[in-house]
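Shared between the two complexes below is chain A, which has chain B as its partner in the first and chain C in the second.
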Partner chain A sequence: MIKILAACGAGINSSHQIKTAIEEEMENRGYSVKVDAVVIKDITEELLKDYDIFTPISKPKLGFNISIPVIEAGPILYRMPAMSKPVFDELEKTINQLKKNN
Partner chain B sequence: MSTIIEFANSLFQPLINLGAAPLMLIVLTVLALLMKVKFSKALEGGIKLAIALTAMGSIIGTLTGVFAPALENFVKSTGIELSITDVGWAPLATITWGSMYTLYFLLILVVLNIIMLILNKTDTLDVDIFNVWHCSIVGLIVMHYSNNNLFLATILVIIIGIMKFINADIMKPTFNYLLDMPDSNPTTTTHLNFMLNPVIMLFDKIFDKIFPFIDKYDFDATELNKKIGFWGSKFAIGFYLGIFVGILGKQSVKDTFELAFVGGMCLELFSIIGTWFISAVEPLSQGITNFMSKKFEGRMFNIGIDWPFLAARSEMWAAANILAPIMLLWALILPGNKILPLGGIIAIGLTPALLVVTRGKILRMIIIGTLMLPVFLYSGTAIAPFVTTVAKRVGAFPKNLPANAMITHSTLEGPIEKFIAIIVGKAGNGGIKNILIALAVVLIYIILFIWYVKQMNSRNAEYTNEKESV
Partner chain C sequence: MTNEIIRLIEEELIFLEDAKDNVEVFEKVGTELLRKGLVKYNFVEELIKREKAYPTGMNMKFAHNDDGVPNIAIPHTEVEYCNTQKLVVVNLKNEVKFRNMINPEESLEVKFLFIILNNCKTIQTNMLSDIMSFLSVKQNLVKLSYADNPKKIYNVLIRS
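Coming up: the complex of A and B.
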């Protein structure tokens, strides 16, 4: 199980769209992932340690080094398959790499 | 004609009589089916919205049930009249999505977007269907004050809609600058909170002319946010504002703790329930996006999404963190304000606009933000009777509270539009004076926006020049 963290302004709308889209698409591609959605402001170094991949809308400045892979998931919010596909592809590549390393 | 209306009534009245939650369950399920969503998925969304509406009502009941009496004591012991409970944005969004008119205003704005795209008056395709509730609330306020004048409400929503699409176009280069996005990135937003930009820009120009030296003292926003830690999160805010009300309201220690825990619990629950109805609106958003992108296949445009792509900039959070205690202070001293800030105290309805206009100059954001907060508090106070009435109508307000107990959102996006909606609504009842005032106010609103567009255009020309000289 790969744990992914999505984030947005209130942890309600954008991050949940990303969560739903990633969970659905990755399941279709045969991966088991779990995505949590939070307010970006509440992310700490400690919190990120619990996750394998971070999928913000756009790259944030959090004040510490992000030690897990970061994939910008903004294009998912356009709701157009051609635009979100590269995000999912990159995610798939990263998941495979993580699995290999374990 | 009358038989048609009678027939429609006999068909729809029983549905309407079911109440908001069952009605919206049926309407959203049917709409999702029309958007070719699978039946089980469509029904899942419909059920979730109905449950979200019910849950919001029950949390509002718990929160106001505990806070309203304490706030009454607070008023008695301090003499400060803060009787309105600030529930934040999620309950207001849910309540608004519980109204059929939101679907009507959605239709109006989608058609407007298509027309403007065809006429090349905008380059923005809006897929942020969820946030239609912001314009819907403006329309609903007009109707509330004008004895249900739908025509007047539609006109105002269209005027604001046109400006929002233009605004999404002219802000685009600033988004690229703030987030280091390449020109090929289509992200923009039509969010109502950026309609405050013209007023913020007015103040920003004053800084340019008189206090430009202040930018030297800008500090690192990221560092500040790290120091604030969990104190800015929802449960913590609910907790210490509960303690604050308890102490100033001279409650017992036991009751003070109850206020703190109930406050923290409700603010967290509002967010959790808020996520529920996102999935209910999702099929509708996807369906409209599919329809629109098919219609304009092959054309390049910007895509309007919800504002939080800007949440990556730490300045907007630093400003929100600093503005929170300032708002509490304002609430205590402003004559006429009746809101005790709670659910809306982290002013995400304000700081994204500050970020865009000042381009991340943190001190300007804080100072201009401080000057803007009273507008939000007065606007939130002004719409409280309306919000409470609507909440009661959709069954999201407890019946056993005193008549003066009200709810609102302290930092609801588009505070100026709320005042305009009230003024326009009152003009709908006739009277030359009211009509003239409404016309004058709308005219000033439009002129200020035109001035702002000019400023943004010259800013955008600078961006283009910089790129060419590289």
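Coming up: the complex of A and C.
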């Protein structure tokens, strides 16, 4: 099970929309993923260690190094396949790479 | 727009503003919202802060591959600064710069604001996705760009 952390800048919980979209699309593509949605200000180095991939809306400056793959998931919010497909494709590529490394 | 979100739109909460930057828009509209009791006293400050740290501009020209489509932004604060659930719409007479949510280094000229007022954590996700669904249909944006008063804007929104 691939664990993904989605994050947004707080307020309207856009990370939740990203979570739902990723879970649905990855399942359609045949991958088993679990996505958690958080607010950027709640992210710590410790928290990130529990996840395989980080999917923020846009890459944030967290003040520490992010050691897991980062995929900017903002385009998913547009709710248009032309915008979200590249994100899902990159996600799939990363998942396959992680599986190979394990 | 879905029925759930149509309930949250009112003609009195559709504004036509002319401002030189997003801070000025927030001050003008925010003051009115405060006057109506819809937000807390520090709403404007929080809106400005949030926009600076996590911009909400969206590049609809790029999304629809059409320079004629207006760009929008979805400013909002965390739940504790709102007293209600409403969708406030602002038509900017002259476009105002907002930075791109998914590429904060990029500045966009924005024509419409969809300000989400929400004091309840759970309903948030629906408001955002309903707005995005509306915006994903190019025709809606085109119709909106021709709507130059609150009544016309209101009709475009509820008839979509």
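Brief remarks follow.
The rule we apply is simple: the second predicted complex is superposed on the first by the 100 of 102 C-alpha atoms of A that agree within 3 Å, B and C clash if a C-alpha of one lies under 4 Å from a C-alpha of the other, contacts with A are read in each partner's own complex, and residues count from 1 in each chain.
Everything that follows uses one rule, which is that contacts are C-beta pairs under 8 Å (C-beta built on N, C-alpha and C of every residue); 3 or more make two chains touch, one makes a residue touch a chain.
On a predicted model such as this, the values are computed, not experimentally measured, just so you know.
Look at chain A after the overlay: chain B and chain C clash there. Look at A:61: by the touch rule set out above, it reaches chain B but stays clear of chain C.
Once chain A of one complex is fitted onto chain A of the other, the partner contacts of A:14 extend to both chain B and chain C. When the two complexes are superposed, the chain touching more residues of chain A, out of chain B and chain C, is B.
In the superposition on chain A, A:69 makes contact with neither chain B nor chain C. Of the two partner chains, both chain B and chain C are touched by A:40. Of 166-174, 220-228 or 238-246, the segment of chain B running into chain C after the two structures are fitted on chain A is 166-174.
Once both structures are placed on chain A, chain A residues 8-14, 16-17, 20, 40, 57-58, 74, 77-80 are touched by chain B and, in the other complex, by chain C. On chain A, the positions that touch chain B within their shared complex are 7-17, 20, 37, 39-42, 44, 56-64, 74, 77-80.
Within the complex formed with chain A, the chain B residues making contact are 89-90, 127, 130, 179-181, 185-187, 222-223, 225-226, 229-230, 232-234, 271, 274-275, 278-279, 282, 285-286, 289-290, 293, 303, 305-314, 317, 320, 348, 352. If you check the complex, the residues on chain C that touch chain A are 50, 53-54, 58, 63, 74, 76-78, 101-104, 116, 118, 121, 124-125, 127-129, 132-133, 135-136. The touching residues of chain A, when paired with chain C in their complex, are 8-14, 16-17, 20, 40, 57-58, 72, 74-75, 77-80, 82-83.
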